[in-house]
Structure formats: C-alpha cells, structure tokens
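Input: structures, listed below.
First chain A sits with chain B, and in the next complex the same chain sits with chain C.
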Partner chain A sequence: MNHNTEDLFCYTNPTPDTSSREGRLNNLRVAVRPNISVCKWPAQAGSKALENYHPAEDATVVERLKEQGAQFTGMSKMSELGFGIASDTTHLIVSENQSDLVLGTDVVGEIRHLSIMAGAWGYKPSFGICSNLGIINLVPSMECVAVIAKKPAQISDVLSTISGKDDRDFSMVWENLPDFTPQSGKADFPVYKIGFLSEQINGLSKSERSAFKIALSELAGKGIQVEEISFPDYALFKKIHQVIGATEASSSAGKYDGVRYGHRNENAANWNEMYLSSRQEAFGPLIKSYLFQGAWFQFKNYEAFEHACRLRNRLIKKTGDVFGKIDFLASPVRCGEMDASRAESIPATYDAFALTLIANVTGSPSLCVPGIVKNGEMDLGLQLTAPHLSDVKLLDFALGYLA
Partner chain B sequence: MLYEAVIGLEIHVQLNCPTKLFCDCANTSSEKPNTHICPTCIWLPGRIAQLSEDALEKAALTCLALGCELSPKSAFDQKVYYYPDLPKGYQLSQHHMPLAYGGWIEITGEDGKLKRLRIHHVHIEEDVAKLVHETEGQTRISLVDFNRAGAPLVEIVTEPDIHSPHDAMAFLRALRTRIRYAKTAECSMESGTMRCDANISLRPAGSDAFFTKVEVKNMNSVKAVGSAIAYEIQRQEKLITEGREVVLHTRLWDPDKNVTVSMRDKFAGPCIPDPSVTAIRMEPERIEELRKQLPEMPAQKQHRFSEQYGLAEEESVLMSLERDIADYFETLAEKGVNARNAALWISSRLMPALKERKQEISRTEMTPDRSSELLFLIEKEIVNPKQAREIMTLMFESGKTASQIADEKGYRQITDTTELQTLLDAVLEANPDAVEKLRAGKKETAGFIIGQAMQKSGGRANPKTLSALLSRKNFT
Partner chain C sequence: MKERTCCGTIDKKDIDNDILLQGWVDARRDHGELLFIHLRDWTGIVQVVFQETESKELFEQSRDLREEFCITITGRVVMRQAGTENPSLTTGDVEVMASSLTLLNAARQLPFQISEKAMTVGASISTPANVAEDLRLQYRYLDLRRPSIQQNLKTRHRMIKKARELLDEHGFIEIETPSLTRSTPEGARDYIVPSRVHESAFYALPQSPQLFKQLLMISGMERYYQVARCFRDEDLRPNRQPEFTQLDIEAAFVDENFICGLIEKIIIRMFMEAGISLPHPFPKISHTDAIATTGSDRPDLRFGLRFIHATDLFARTSYSIFQQVLKRGGHIIGINVKGQSEALSKNVLQNEYARHVVPGFGGKGMTWMRVADGKLDSNIVQFFSDSEQSAIIERFRCEDGDVLMIVADPSYEMTTRVLGQLRLHVAHRLGLVPENTWRPVWVTDFPLFDPTDDGGVTSTHHPFTSPDRTDFDPTDTHDLLQLKSRAYDIVINGEELGGGSIRIDNYKTQEKIFTALGLSQKDIDEKFGFFINALEYGAPPHGGIALGIDRMVSMALGTASIRDVIAFPKNRSAFCPLTRAPSVVSHAQLDELGLLNTGSPEKTTQTDEKSLLDTLSWVSRIGVGDDEHPVMEQAVDEAQALARQVLSQKCDDDPVFSAIQIENRTRPGKSPVEHPAAADGGLLAHAPAIKGDFFKVANIIE
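This part shows the complex of A and B:
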C-alpha cells in the first residue's frame, strides 16, 4: 500500500532540485528524521516541546551531504524525541521509494529496526565518529546519527562523507578515525570469526532461533568461523541502558521549557507554573514516563545512576574481551514477540529493542542486513556488531559476503 | 559551653578571557541586554559546547597559582536545576572530575601565627544568565539578560579549615593577590568578578560533631564576607544557646542592614556526566609549559626582595602585595635607586598620590623612569624631601621632568658650605638669646636655629649640612 506524501513526511522540501553542487552523491535522495537540523526546516523532533523550532543552520552531517550533491527530500514523522518508533514513517519513506536514504538517530536501535521494516540496510556507526552538531539528542552518551540505505555501498559512501573531524564538535573521537574511502586492490579477506551470545539467542523463540542458526550456517558455508560465546552479564545491557538513558534524557530534556520555542501554556500565573503546565502538556506519555524515571534516578536514587555508570564500564570491558576472540557479534535485529512499532511503554520499548542495545551501551558500530534471517514471512534482520572504530572492516565484510 | 565556627568558602572567579567558555561571544559586560549571545549560549537544541582553549589555559594557570595539582583528566557534568537564569535546565560544571585538587594558602592568623588553609578542589563552570526584576505598571515582571550566560568561571572550594571572619578575609585577600599575579582574573568582589559563598556551622570547641551548616551568599566585598560570617556565627550561637534548631538553608547578606536574611532555595539537583562536552586531558608536558608561564608568586617574591634588596619584612610584604607594585619597585631598584628608599617612596608617597588621582600603578603617567629621576635628586640631596613632594605633585600636573621643575622653582638645595656658613652666622647674629641658650647647654635650641636658617633660605638649605656646621661652632 502506498501512502500520500503528507502521510509520510512531516515536512517536504519545496525546492528539492536546487542542489547545484556536483559531488559523488549527486541524485541521492535523502530524508531526515526531524531531530536532525536542516537550516530553516521545522526540527520538531516529534514533540510539541519543539513546536516552531527552526534551526538557523544545517547539522554538520547535513551540510556535508549537501556539499556532495545529495538532495534533501523532507522530514519523516518520528516518535517523540527519537525514543522508540511507535509514530515513525521513516521506514515507509524508503520502502515506498520516496527517498534512497534516511538519516536519523539511534537511541535504543530505532534506525536499525526501521531499516529491517523497510527491507533495507541499517547502520549505526561507532560512537563519536560523526559530528553531533545540529543533532537534537535525548541520550547523549548512547545516541548517534545512523543511516537507512537501500544498498550497502551507499552506507560507505555516506559514512565517508559525514564522518570525520568537525571543529565545532570537540567531543568527537580525534584519533584512529575510520577511513571509509574505497581502497583499490584490496588483499584477500582474512578468515572471519563471528560469534553470538548464548544468553541473547536463548531469549528467542524456537523458530526464530533456528532461523538465526540457518543464517549462520550459510555464513559458515562461505568459510566463516562461527562461535557460541557465553556472556552471563547479558541481561545487564537492558538495565544499564534504561537507568543511564532515562537519567540523561531527564537532564537533556530539561531545556524544553516552552519559553523561546515549543508549546507554552499562556495562562499560567507564574513562571514555575508555566514550566510545569507547558511541559505537562507538551510531552507524550512515553517520553513523560521516561523523564519521570530519569528524574527519579537524578533526585531520589542517584547512587543507582552512579552504579549503572560503573557497571557500564564493566560491560564495555567485557564486550571488548569478547571481541578479542571474534571479529563480529551476530544476532537478529528484532524478534517477533515484541513489536517495536507498538511499544508504547518503557518496559515494552526496552523488551522490543533488547537485541540492539549492546551497540548503544558500548558505542560499537552495528550493521543490519535484510533478507537473511527470515522466520516465515517475518524478516528478523541480521545484526553484526563490531568493536568500536572498526567500521571499515565491518562494512568491507558486508560488501564482500552479504551484498 | 564555648563554640567554634567551622567555615568553608566557595569562591567563583570570572576569568578575564576575551570570549565565553563554550562559544565565541564576547566575555564583557554590556549596558544593552542580550547583545553578546549566540545559539550556543542561549542553548538552542543541537548546539554543542566548544570549550575555549584560552579559558582552559587561564583556569589551569589559576590552579597552579594556588598550588593545586592539575588532574590528568577532567570532564564536565550537567548540574541540574530549574530556574529561568538557566534555560537548558542544567549548568555545565565539573562535579565528578574537577580540573584540580589540593593547594593551600598561608595567612597570618589573629594571633600572629602562620596558618595554612587548604583548598579542596578547583573546577571550571559556566556562568548563568542575569535576572532583572521590574514592574510594568502594576505587574511584576522578570527579564533575563544572557550577556553573562556562559562566562568562564572557576570555582575554588576550600576545606573547612577556616574558623573566624578574620581568617576568611585574609584567605580571600591572599587568594586574590595570587590570582592577580597570574593575571588570569580581575578578582573584584565589588564588580562581581569574584563572588564568595560561605558555609558556616558551629561545633562545641574541641568536638568533631557539627551543628547544621548554613550557606550565606551575596557579599559584595571582602569586608562584607567578614561581617556576614561574624553575624551568622552570632545568630547560630544564639539559636543553639536558646536550644533552638539550626536549619539547613541559604541566607543572603543584606549590606544595608548588616544582617543575613533567609532566602528560598533554588531547586538544586544532581550532576550527570555530559559526554557531548570534550573531556580535558592535561599531559605532564603541558602542565610544565603552563608552569613556565606563571610568574614568581608573592611569597617567593617577598623572600627574594628581603634577600636581594635588603628590605625589612614589612617593606618586602608591601612591595610584593600586587604584581604591578612589585614590578614598579623592581624597575626603580634596577635603575639604581636605593631599594629601601624606593620602597618607602612607593608605599608612603606614590600609592596615596595614585589613589587620590584614581590612577593605576601599571598605567600611571608617573612612570618608573620619571620617579627614579626624582628619587636620584633626593638621594644626591639636590632636593629635600619636602621639595620632592611638591615636585611630584607638579610632575603629575605638568608632565615635566623632576629636574626641570626643581630648576624652575629654584628648588635645588644649597649645599655649598661657605654659603650656608654665611647664612648660619646671620641667623646666630640676629638671635643672641638663642646663642645664650646654646651656650648654657640647651641643645633643643639648635632645632630653632636650623629652622630659622631654613626659613631664611626659602627651604632650600640642606638641613643636614646646616646641622653639621652648627655643631662645629662648639658653643658649649
């Protein structure tokens, strides 16, 4: 079923063909989720709290794509502040061929889920390799720009354009940045080792598990070594993400007060009341409960937040140990039991995105491939996660074996 | 029961950087509100804080000037509180990993003994906007001026080593001297570039258990800090003696009434690490480079002045109090002016004259060159001290050199002994009574004779030579 443009986009570019620049991305049609700034476009991030907010400049990633001749089509509809995908049309923009590529942010795995729903490739790069300037983020330590593309080669093209140092974002990784420029005359591929976590796969249904194992055995048939690894702390990823994510969200959403932009209750008697009622009216139920949880950790149980930060460091280290033994970690992107597009509570959201959280907690790059792990009609998506900053190796592998 | 006060200070110092902490807006005050602002310092979504290198360097130099140890890694946190002066709902500050730890300042206590007051840590943070409360007709309105928002601050947090208003004031003065030496901040409490909050609690003398602490803010001078602490100690003592409870809260110092008054607390929350602001790494090489930029600090300077120039303790303290005074003094000494004369001249003549004329020693028209010429005239006894004072006044007014004025005014001293002998003989002849008294052994009459001779010479006679000539007369 094809939708009308206005059902898919919250804003369409009235002058999509104006890009006169010649570059290697000529004719690439790019849509963005509206938490990525495009100069003068409404960056509402799916929230009344950002009503009428029009950034005065492009996000660095947008600016760089424009410089290479990409055409910006418009903005998709998105779930509030980029958390979850319940109100998203982002995947439909790709599946209905309204754009070739979508840029969004990935907090718990949104872009990766949407890519599989679109039958396309999804990519969350290593944390810190793309500038965050102009990105309206919610969970700054877990969230980054991510891409949905129809073809895997487009991911490398786009990443080579948008990644890399930005003098206006000092928080980026400054050393050992991946070099996405295509290398000619590459040596033969090494023997790759792919691992999967027993604890993660045990949570799938029997048929999902077998669909995943079939996909792995096909990879093994291509000469790839497959290894099962036990990771007893696996359950912590969800808990750690939730505590830190909610706390950071509460802190970073503190700026949405309805004063300079965004919904404001005009009838409040004083400023405290104005803040309270404006925020109460602006946020939807999912974000509101996430912010409440975060506020609870901030003000009532700060020790839990600090503890979660320590545990996160431990998880990053242990994941690093796993990557000492294998090249990539494989899993499905989603499972059938929890439908992310229907997840409208915090527990449901975390359950639905459980399989994609590792990359957000550890800052690892993660690639999602459609059409390989199929449980009947449902494409579960194959997710490959690699060590931080090994983006090029991951994309090379995908192009060599999976494209 | 006797109570002892335990006081900790939190001092905010605004660094004298040209730009704000996280953007390129000017770090200067402006009459017109909201003129030095940009999307970063009003915190529009998507904007990222870019830590200013200059601010970081000045903050680090400030820490080194206070003897603190710079942390190899420090980072920013979002310090959450909701108030209209902070539109993003948090202040960027360093809570978990501050820029520096340790350090101390030595002061002289009320008993004259040296005391070492320790600094717990120093961190960098951004200033918040300024609220202006007005009325529009009958309606009370509050306006927000973001010119100050994002100004670079360091906050110096002391250990609770301070026990009296005197110590607190001495600490602040010494701190100010050191930071001014490093030339990283103006440190004026009057103009708000240095602000001090005091946490005050009492405990029974000799005990480790404290009563509840109270925070006092809004003191706009070092003296006001002393007064506010003294008032607060008395207020808490009274509460405790009457068996009433000291409640944890914040009070404002009212400088007109000389009292502290209770203020409603801001909603202060926790600190969440902010990964979008770059972490700071201080490599040992960089710290060494910074250390080289630091000038000789007051204590070393004072010691060197005593050793090298033979200044008395009080003189060396005065000459090292401010870096500009020290530089002025040392320039004079290097030009060959007798060091002790130079010190005396600066402290008792020049500084009062500058204060009267609202001039700064670093920028005064009375340059060390001009001063030294005048001081040489005194040293060579070409002019006497009284004339020198007048010459200095005229130098301020005219821009002429000391010699020019001395010549024009005919101020050059008469040192020629024949001329002075004639003058003295004339005075003695005119005052036979006084001569009689001298013969009778009344030595004090000598002063009268010399006074008369000075008067007769129009103040130009060299009093020392006159005195020598008179004593040679051997009246007794």
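This part shows the complex of A and C:
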C-alpha cells in the first residue's frame, strides 16, 4: 500500500528538479529528516520547540551533496528531536521509492532500524568524519549523520562526498582523517574474521539466535572465519548510553527557549514563567522524561554522569581489544521482542535499540544489511560494526561479499 | 648570576649600565629588523629592543616570544631616540638593548589580553571591564597580572598595614579567634560545617568574632584587634561576598569617645594610603536627625536636599490627599531642589516621578510644585489657600526656579524612607553629587530595638549592644522601643563602612535583653549560657567596632566592585569559577560525615518526590503539568536507579566526553563577516515576538 506524499513528507521541495550542478551524484534523489538543515526549509526536528525554525544555510553535508548534483526531494516526518522512531516515515520514503536515499541522524540506532524496515541498507559512519554543522543534535557525543540507501554503492558514493574536514565543526577527527574514497574492485580480499559477542546473542530468542547463526554459517561458507567472543561488560552499553545521553540531551535542549524561534507561550507573566510554560508545552512526553533524567544527572548527581564517562572509556578500550582479534563485529539489527516503532517510553526505547548501541557509545562505523538474517517473515538485519575510521574496509567487504 | 633589576625602577641614572631583568612579555612589536617588547614585572614595564644587526641568533630567538612568556634578559640601558619616548610608561625615556635572552617558560594562547599599556602613543589598550567577569575569575592568576589589579592589592596591603601600625602604637595586640564555632541565631544565615567526630552535629563559620572578642575583654586582654575573615550565607547581591574581611577591634575600660577617636585616626590614615585626605573631625549625627533630614541611617552628606518638615502647615488644608494622611496621624515632608525647574519639567515630575519612580520606592505618590514669578505652580496648587501657599514658600525658602517634591504618608517610617530614596535619585539624576568629595559622619543614638511584624522586638544591631539605660521592663514593648543604644556607625558618602557599640557588661542586663527578644530561660541557657556565665565573673566595661575592609578599600580606590580588591573572590552567584567551588562531594565523604543517614528510605514521601521534581523543573525551566507528574516522577526514579547501578561499578579510567579524542585547534585566520541572513533579517524572520527591528529577550538584571 502506498501513501500520499503528504503522509510521508513534512515538507516537499517545490522545485526538486533544479539541480544546477553536475557531479557524481547526478539524479540521486535525497530526502532528509527535518533535523538536518536545508537552507530556508522548515527544520522542526519533530518538535514544537523548533516550530518555525528556518535555517539560514545548508548543513555542510547537504551543501556537499548539492555540489555533486544530488536532488533534494523533501523532509520526512520524524520522532521528536530524532530520539527513537515512533512517528518516523523515513523508511517508507525509501521503500515506496519516493527517494533513492535518506539522510538522517543516529542516536541509538534509528537510521539502522529504519533501513531494515525499508528493506534497504543502513549506514552509520565513524564518529567525527562527517561534519555536524547544521545538524540539530540531541546527544552530540553519540549522534552522527547516517544514511539509508537501496544500494551499497550509493552509500560509498555519499560517504566519500559528505565526509572530510569542515573548518566550522570543532568536534571532528582532524589530524589523522583518512580518505574515504571507495577502494572496491581490488583483486583479492584478505581472509576476513567476523566475531559476535556471546552476551549479546544470548539475549535473543532461540529462533532468532538460530537465524543469526545460519547467516553466519553462510558467511563461513564464503571463506570467512567466525569467532565467538565473551564481553562481560556488554550490559553496560545500555546504561552508559542512557546516563550520558540523557545528560547531554538536557544540556543541548537548554537552548530551546522560544525566544528567537520555536513555540512560545504568549500569556506568561514574566520571563521565568515564559520559559517554564513554553518548554512545558514544547516537549512531548518521551523527550521530556529524558530531559528530566538528564536534569537529575546534571544538577543532582553529576558524579554519576562523570562515572558513566569513565565506564565509557573502559567500554571503548575493551571494544578496541575485541577488534584486535577480528575485523568486524556481527549481530542482528533488531529483535522481535521489542518493536522500536512502538517504543514510547525511555526503557522501551533502550530495550528496542539495545543491539545497535555499541556503535554510538564507541563511535564505530556500522553497516546494516537487509535480507540475510531472517526469522521467518521478519528481517532482523545483519549489523556489521568495524573499528573507528575503518569505514572503507567495511564498505569494501560489503560490496564484495554481501551485495 | 647578576643581581636582578626591577623593570619599573629603571631610569636615566641607569644609562649605559648592563642589567639583568626578569618578568613577562607584556606586548611585542615586530618591525622586521627591530623587535620591541614591553617587559613587565610587578614594579612596572620597560621597553626591550632586539636588533637583527647586533646578533642574528638572538634576534631570531626573540621573534618566538609571545605575550606572557616568562623570560630573563640582559642588556644595556640607553636613552630612547628623541621623539620615540612613551609618556604612558614611567620608564618611557629609556629602553634596554638586549644582549641575551633566556626563555624561562612559554605561555599558552591567552584567554584575554593582559597588557594595559600601549606600545605606541595613542594605541588602544584593554581594560578589565571589557572582559566577561567569569572568564577573568576563571583565569584569575592571569587577571591578577594586570598592573591595575596588582595596584589594588598593593594598596589594600598598605591600608591594612597602616591600621595595624596605628593599633600597635595604641597598645592593641592581634589575637586570632576560631573559625569553627557554634551556630548562634544572630543576623544572617550561618555556613555550617559537619563534624565527623560528633555525628549529626555541626560547627558554624563565624559571622563575626563578636562573642570571642567580648570574652577576650572579660579575660583581661584589654586591647584586641584582628583582621578577621567572616562568613554570611546571605541572599546574593551584586556587591556582596559570602566571605569578607573585617578589621575587628575591642577595648576594655573605654567609652564611645575613645573608640570613635581611635577609629577616626585609623580611617584617615588608611584613606591617606590611597591618596585621599578625609576632612576631620568626623561630625556626629543622631539616628533620629539622620532620618529626619535625609531619610536614611547612612546619610550621604555630599549634597544638600535636606528634608523640610511641613506637616503643621496643612492642618486645615482642603487638599484631600493631605487631609486623609493627616487624619491618620501622618506626615508631610519635602525637599527643595534649588534652581532645577528646567531639568524637572512638569512632564518629568508628573509622569516619571509621581507615577513611576516614587511608587517604585513603595510610596503612594508625590506632590510637586515649581516656583516661578514668586508663585507656586503645580497641577494641584489651586487646592491650597493663599496663606498655605505663602507658608510653603516661606518654609521651603522658595525662589524662582526651585522645585518642591513632597511626600505624605500615614507612616513616618514610610514617609522618610521614600523621600530618602527620592532624594538620592534626584541628586544622581541631576548630577548634584560632587566628585572627589568625602563626607564621613558618625551616626549615633540608634534605637536599641526595632519592632517586628508579630508585635515583638528585634535588635537593631545585635543583642550585646548596651542600652542607654538599664531600668527597662523587658516585657513592655512600648518602653523597649523607646530605648536608645550606645552604638555608632561610620558612614562615608552614604555607605556604611563599619559599626560598633559599647557592650553590655552586666549579666542581669544581658539576660533582660534576651528576655525582651523573646528567648525563654531555656533558650538563653542553651545558646548563650557560656557567655552569661563569663559575664558573671567581673566583666570590665568594654566596647569596640568592626570595619569592612573590602568595602573601604573598594571605596578608596573607586573600584566598580569589591571583587576588584579581593584576590580570589566568588562571582555574583557565590561560585568560584577558578576552583569550581562549591562542588559536589563523594558519596563516601557524605557517608563518613553521617550525612546520608539523616532519614530512612521509608521517609521518602510524596512531598519529597514532588519537591525534587519541582527543583528539576525549575533548574531546567520545563514546567510539569499535574497530569505529567507520575510519568516524570517515574523517569527520575529510573535515573536514580541507573545512577546507583553505574556508581556501583569500580572504574579508575579517565572520563571521556566524546567517542574520539577531541583535538584542540584554532579556526584558521579569517576576518569576521556578517552572515547574509543576519544582514537581511532572515535570521530572525520567524522569531515569535518581534518588536520593530528587535526580538524580545530576557532582561538581565544584576
């Protein structure tokens, strides 16, 4: 069943065919989630807090895509401030062929989940290789631009276009930023090693576990080594992400005061009341719960936040140790127990996205492949996570073995 | 090593001398073949010259110098070429030709400019006022390198030193009193310090050494002083610090005249150190007269505008506002603003003062009259009879061009207070306050008690101040309010710099005062028992004073804030941006102090939950509707559980705040440009509350 355009888009480009430039992305139709700035388009990020916000310029990633001739179709509907996917239409835009590619953000794994729902490829690059300028972030240290595409080659093309230094983003990898031009077409591939974490896979249902293992055995049939690895701290990813995520969200949502843009309660008697009532009305229940948790860490237990940052360091190091033994870490993208599109509370959201959090906490690149891990009718998606900055190797592997 | 010469001391007598200098690079100027630096130490600045023709190697070395590098230099003092002198430097006639340079330590990129001296005549210089104060306080060690701030601290040192010298000459000795003391219910809120040894018990940091200095007098240490640090947890005001320094003095077998005479000498000498000579002897004014003539117990006497009482003139008036006030036993008092009828137009008087300014002070209104052609002119003058008008002209000594501003209110306190504030407002607005004028005055004969709202009394100063007589009945409020105290405040230019009194030396009188204040015998025994006991052992008559040093130095130096005369002050929010105090402490520390066991978990009631949510709602400025309460409470509960789980994990790794190592880098050099969207208004096109060319934002009130 196909939807009407207005059901899928919150804004459509009135002049989608007027791409003035010639480049390697000619005729590529790109939709964005409305937390990515396109000059003069309403970037409401799914929140009343950004009502009537019209960015004055393109996000750097958008600017770079335009330079290569990409055509921007419009903006999808999205969950508030990009947290979770409860009211998202991004996946439908791809599955109903309204665009070839969608650009969004990935806080807990949103874009990766949506890609599998769309039957398409999802990709979250290494943290710090694509500019965040013009991206309306909620959790800046975990979140980055991510893409959904029908074909993996499109992901490679887009990555090589949007990655690279931006003078105006100070959160990027700078000194040792590699070139992300795809290398595929090389004569021989090395013998790849893929690992999976026992603690992660043991949390799946029996049938999901066997679906995942069947997929791995098929890979083994192609000459890939598969290894099981124990990671006793695995349960911490969820907790650490939540403590840090909520704290950063509380901090970064502090700027939405309804003064220069966004919803404002016009009847408040004084400034404080204006902030209180405007922000009360601006945020929905899911984000507001998250912001209150963050406020509690920020103002009442900063020590817990700081300790979570210590544990994050440990998780990054231990994940690094795992990547010393293998090339990629494999897991399903989602499991059947929790439906991410119905997750409307904080615990439900974290449970639904539990499998995708490692890449956000550690900043690793992560590629999601449709149609390989199937539990009956349900596509669980194959997620491959690679060491930080080894994006090209990951994409080359996918093009060589999975495409 | 050669003996070090100080930069600020170099002059013509040093010409041709080879000297060694150590200090910081204040500023640099590169002329290609010549490089100049201003070298600064805490005595001043001298210009040092590096020449490529002298030594290529040294010259190249000097080109690496940047602001605030700490260096050693040797060189020869020479006269500057005629026409290149720098009159803004005391060493501006000479310069030092460098012969060697040693880099002691380099400095990172500065958060703000430190140099205050231009290298060339007419170049612009920075002042501390241009830098955000919190940034200055965060890098206070750099801020303190500014010569102007160093000068403040040096003058402060000399002022305190003078006071110490003079007190020493008069036989006073400096004695330290404890900082960990008992919390007593006087004045402001205490800062409390938990005791680890005595569980659930607390020390308090002293608000003043009051009881200890009185105990010293009882001990026979007849003349005491101390440069004492005091602590008050008061509501934040712009010019207030949670801790402050006072010169605390007490002497036995003395009276008011002794203390005032001594303090006068001390204050005169201290101000002399800042180059100010105070007129003396300081006049005295009784509290009653100060209120009756200026409406303030800290009168600013630098200008006139003294109150003129006119209640009696209107006994039979037909002006209804005055009639009503007089019917309720009220008062009519005014000021004559001489010759200002041009500056105070009808419009200003009626629409600004009568309608906004005076109501802002809490007054109900203001009556005004202007004098022209020997007659009164006002919107209400027709309500006054001819005889009333001529009585006003005579009482207020009216001349053409004068403006009368009159306040009437049933309460004398209200009438004088409102008119007192109006007096200051008008004087500042019209520029009637002369600059560089100093008017010290003693205010004496305060009432011993002020009435409280619930019909009782409270001490005007503190409960140890001696009353003018001891035959009072502590239960008779009316009688208590008639008592005068033997207190004295020193006021300069309308600012109170200190206060003191002759103290009660008789335990019976002291007990009566406590009773008058509503303390039960049990309260007295518990809180002040030790002190009453001490008074019972032959206490000498004694008295003293405390002077606010921060305030006095700030006034003498004319600084905008007392923070400019304190080395490491807190900011306006009582926070130290440098050390980030106050800070949270670990669970373990709290546990050790027994502060975690103050309530059992069962005691966490609905109201506690609610107040935590209210706090979070307030600090994050997100309102919570009644219907949202349960969900938000559950979210906060989850956060608390999560925190416990996270904190239970042992981990000594460094905290990381990003998935990657963030590299410090500087934006490549670009000149500032205005974004086109800012220029054409596009940036604000969708602002929800635009007024004309502006959008409305929060008013920032200090």
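Worth pointing out:
One rule holds in what follows: the second predicted complex is superposed on the first by the 395 of 403 C-alpha atoms of A that agree within 3 Å, B and C clash if a C-alpha of one lies under 4 Å from a C-alpha of the other, contacts with A are read in each partner's own complex, and residues count from 1 in each chain.
Quick note on the criterion: contacts are C-beta pairs under 8 Å (C-beta built on N, C-alpha and C of every residue); 3 or more make two chains touch, one makes a residue touch a chain.
Small disclaimer: the values here were computed from a predicted structure and weren't measured.
Superposition of the two structures on chain A leads chain B and chain C into a clash.
Looking at the superposition, the partner that touches the larger set of chain A residues, chain B or chain C, turns out to be C.
When the two complexes are overlaid on their common chain A, residue A:Trp271 makes contact with chain B and with chain C alike.
In the superposition on chain A, A:Lys239 makes contact with chain C only, while chain B stays out of contact range. Contacts of A:Phe196 after superposition on the shared chain: neither chain B nor chain C is touched. When the two complexes are overlaid on their common chain A, residue A:Phe353 makes contact with neither chain B nor chain C. By the touch criterion defined above, A:Glu303 lies against chain C but remains apart from chain B after alignment on the C-alpha atoms of chain A.
Touch criterion met: A:Lys255 reaches chain B, while chain C stays clear of it. Once chain A of one complex is fitted onto chain A of the other, the partner contacts of A:Phe9 are absent, as it touches neither chain B nor chain C. Look at A:His388: by the touch rule set out above, it reaches chain C but stays clear of chain B. Of the two partner chains, neither chain B nor chain C is touched by A:Phe72. Within chain A, the residues touching chain B in one complex and chain C in the other are 53, 56-57, 141, 168, 170-171, 250, 254, 257, 259-261, 271, 275, 298-299, 302, 309. Chain A contributes residues 37, 43, 45, 50, 53, 55-57, 59, 132-137, 140-141, 168-171, 247-248, 250-255, 257, 259-261, 271, 275, 298-299, 302, 305, 309 to its touches with chain B in the complex. Across the complex, chain B meets chain A through its residues 39, 42-51, 78, 80, 82, 84, 87-90, 142, 269-270, 272-278.
Chain C makes touch with chain A in their complex at residues 584, 586-587, 612-613, 615-625, 628, 631-632, 634-636, 638-640, 642-643, 645-647, 649, 651-660, 662-663, 665, 667-668, 675-678, 682-689, 695-699. The part of chain A that touches chain C in the complex is made up of residues 40, 52-54, 56-57, 127-128, 141-142, 167-168, 170-171, 173-175, 236, 239-240, 242-243, 246, 250, 254, 257-264, 266, 271-272, 275-277, 279-281, 283, 285, 288-304, 306-314, 316-317, 346-347, 360-363, 388.
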